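This is the structure I have questions about; it appears just below.
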Amino acid sequence: METIKIKKMIDVIPEGTSTLVCGLPGIGNVGRITVDYMIDKLKMEKVLEIYSSHFPAQVFVDREGKAHLNRNTLFYKQISKSKSLFVFTGDFQGNTPEGQYELSWKLLEIAREMNVNIIYTLGGYGVGKLVETPRILGAFTDSSLKQNLIKNGVKFPEGEPGGGIVGSNGLIVGLAYKFFRIQAACLMGETSGYFPDPKAALEILKTLSKLVGFRVSLMDLEERCKNLSELTEKMQSDMIDKEKKDDLGYFQ
Amino acid sequence: METIKIKKMIDVIPEGTSTLVCGLPGIGNVGRITVDYMIDKLKMEKVLEIYSSHFPAQVFVDREGKAHLNRNTLFYKQISKSKSLFVFTGDFQGNTPEGQYELSWKLLEIAREMNVNIIYTLGGYGVGKLVETPRILGAFTDSSLKQNLIKNGVKFPEGEPGGGIVGSNGLIVGLAYKFFRIQAACLMGETSGYFPDPKAALEILKTLSKLVGFRVSLMDLEERCKNLSELTEKMQSDMIDKEKKDDLGYFQ
Amino acid sequence: METIKIKKMIDVIPEGTSTLVCGLPGIGNVGRITVDYMIDKLKMEKVLEIYSSHFPAQVFVDREGKAHLNRNTLFYKQISKSKSLFVFTGDFQGNTPEGQYELSWKLLEIAREMNVNIIYTLGGYGVGKLVETPRILGAFTDSSLKQNLIKNGVKFPEGEPGGGIVGSNGLIVGLAYKFFRIQAACLMGETSGYFPDPKAALEILKTLSKLVGFRVSLMDLEERCKNLSELTEKMQSDMIDKEKKDDLGYFQ
Amino acid sequence: METIKIKKMIDVIPEGTSTLVCGLPGIGNVGRITVDYMIDKLKMEKVLEIYSSHFPAQVFVDREGKAHLNRNTLFYKQISKSKSLFVFTGDFQGNTPEGQYELSWKLLEIAREMNVNIIYTLGGYGVGKLVETPRILGAFTDSSLKQNLIKNGVKFPEGEPGGGIVGSNGLIVGLAYKFFRIQAACLMGETSGYFPDPKAALEILKTLSKLVGFRVSLMDLEERCKNLSELTEKMQSDMIDKEKKDDLGYFQ
């Protein structure tokens, strides 16, 4: 078995310039929530699946009893005459550094075939406390991107993110420009990191829709944010009642 | 050395449709007990052995002093004019996810050569307590299999198995239909998981014999179940005597 | 870099039948002590070295300041008109199961080139207590060897060694007959396993010299055994004096 | 993706004999401090970058927000009509033994292309206490180097370094002479190992400049050493004041 296998669903001939958005599982699941929402709301089409021995050796069983092999999936949508959009998501990143390099490289080969000229990888930036309005932090590989990112609300605070970007989000950006001459940036939504975070996803989606140039209703995601806010507020006030503010540090 | 080496014993030209049953070591050793019993009772023939650097680097030494390299083995039996049966078992699953993928893939290449059109992987579903009559849970990759599985007593309770199917049992099923267009299902016998469990094996064997269409005397396996039941009952009553029911939770 | 690299020192055209003896590091370092003694006393010649990325990534620095890359080495001696002897030893076994398989396989390819028709791998059998006269336990892959092993003092006590043979000693034996049709046996000298054990090495050497048909003075090895016996006796009597026999279990 | 990828910046045709100096991260970061200082002061040119899936799967983000893929880099300077100098440094050594072997091998292939005839790998020799004037310990692979090393102040104290040389510093030296017939030595600067150590780097640089034959102002490095000495002296006297010498063992 080759370590990576591609299963193609449809043939795509994208028109105009192509953008690739990557949202794999990670901190606060921010990237994945964002792209799952886009795939759903934009009614994107499945283009291909990637299977790999770099993923965990297991299948997921759904409510019907159907077994699903771990995979990453590429979706597509022609968003205007001159613009096509690809979205990449999946169950897992590779098990090992070697696997993550190989999978990122394979995705970039596919991106090149699809005439992708810019890639955004989406992730969370864990800060360990609840965040009222999450900032979107950025990283890029070619300085010419920076002004446009700032204009669309992406922040570059000095010293953040301190430890670099770990995993596929970093690798795809790092390899894209260096070896494929594809522009790339990573957008990181500030998040506590304690739970899947729709608020960071919402802020990323606002920024991304302006950067890429697509429109999507934000209503359902805003609803999820509101529900989460009510829940966390209730938890906090319960804790205040119960502990007279003693142990609140954890959530603030 | 290639990572996998095949040692062929006999040439097999299966007649009619072929079924492959896989029982590798796992939870409660349910799969392996089932297929070892089938191999013995059906007097199946050894077709080939698989050796691999994905298995632990050791040999097993038998009572005579003979050293045996770790291996997986394929057995064969023509069970009727129109039906042939293959059974796959072994000492170990692969050491790593990569190894498990590669070994599962190799088995599926062999299955295709042998004209296998359906595969059952057998395993245990660990529930952490003694089970009176083990249920057989199922997972499949093509929905057309489901009704036949239900008709033969396989259950699909919602939310079980929660965490998916780990290891070869899951991979073989997941890869079979996706890449080889071979139908596949996993049958999981409910088991405490505390010891090798003939009761779960017995229930799987009853279901499997109906699904595949072979006949095998269940007497010896029923005997082992009876012996085990007597033993666990004795242990329980000893514990009751000794501890006045204090610590019984573990076995119930 | 290939994962294994061979460095040939001399060309060898062995006459008559060839025997290969393997003594890599392991329990009580029994195998390595035995073959190091043979190489020294028989004045064996270095034939080739094996370097590999499966060995730890480090060099050993000797007293002069010279750095030595980790390696395995093959030695040779024509012990009679009709018999040649090869001895294999080294600093390490492979880091991983995959590495151990690959290195064992490579050695067997070399053995085949050298017309080796029988292999003995030497190791320790750890019993966790001091042993007066170590037994030599055996394992083989072809039953035709057993009688000759017994005749030369090798024991096959039922149920020993219980857990099989781990690492190269097992793999070389397991692979030799199965894939190269070279006869092979493993000789395990009983040892406490607490320290490098010349007594087990001495017993193995006595047995081995009869099996292979070479003569070697045992004097120096007997001397080392005597020194060790005196040391352990002194330690035991010191302990008895000091502890009035309270804690002796560990050494007996 | 190949596991190693080379990105060439300029074509270099070195004149005369070439020396390669390697300073990768390690104990006290001694090697890296030394070569970073050389690259800066000698205004060396970037020749090529090595990217590899054997490095951690992450990018480093600089103060501007630019993402940098982990890499090793080769620098070059023609230091006289008859002498050219190469310096190799980087963010990481390989993640695994296999990766370290492969990366060291690749560097040696590059060194051969560049007509390198001697290699010095630089590292720290951790002694776990502050050192007034660090010794430079050496290891070589060909005895003909030893006298010249001693003449230039390199020490070969018996029994040091006890455990050999772990990682790339050892491998490059070990592989260089054995497989490429390139002379090689490792220079290890004595260091506490508690922090990045410019004093060990300074001593190495003094020795190295004589061995290789280049001139470099030591002023800035001496300044750093002075600052560090003042800092550690202050820390020690603070501790003496505070603890009346009770806990001083750690720093002496």
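Every chain is named by a letter (A, B, C and D) in the order it is written, and numbering of its residues begins at 1.
The definition used in the following text is that a residue touches a chain if its C-beta (ideal position, glycine included) is under 8 Å from a C-beta of that chain, and two chains touch if they have at least 3 such contacts.
According to UniProt, the chain labels map to these proteins: A, B, C, D = ATP-grasp superfamily enzyme.
Remember, it's a predicted structure, so these values are computed and weren't measured experimentally.
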{"item": "Chains contacting each of chain B and chain C, listed by label", "value": "none"}
{"item": "Equivalent interface positions on chain C and chain D, same or different at half", "value": "different"}
{"item": "Centre-to-centre distance between chain C and chain A (centres being mean Cα positions), rounded to whole Å", "value": "55"}
{"item": "Approximate Å spacing (C-alpha centroids) for the pair chain A, chain B", "value": "39"}
{"item": "Touching two or more other chains - residue numbers and ranges from chain B", "value": "none"}
{"item": "Chains that touch, pairwise", "value": "A-B, A-D, B-C, C-D"}
{"item": "Complex interface listing, chain C residues touching chain D", "value": "1, 3, 5, 7, 51, 53-61, 63-69, 95"}
{"item": "Chain B-facing residues of chain C, complex", "value": "94, 97-98, 100-102, 105-106, 138-141, 143, 146, 156, 158-159, 161, 164-168, 170-171, 173-175, 178-179, 186"}
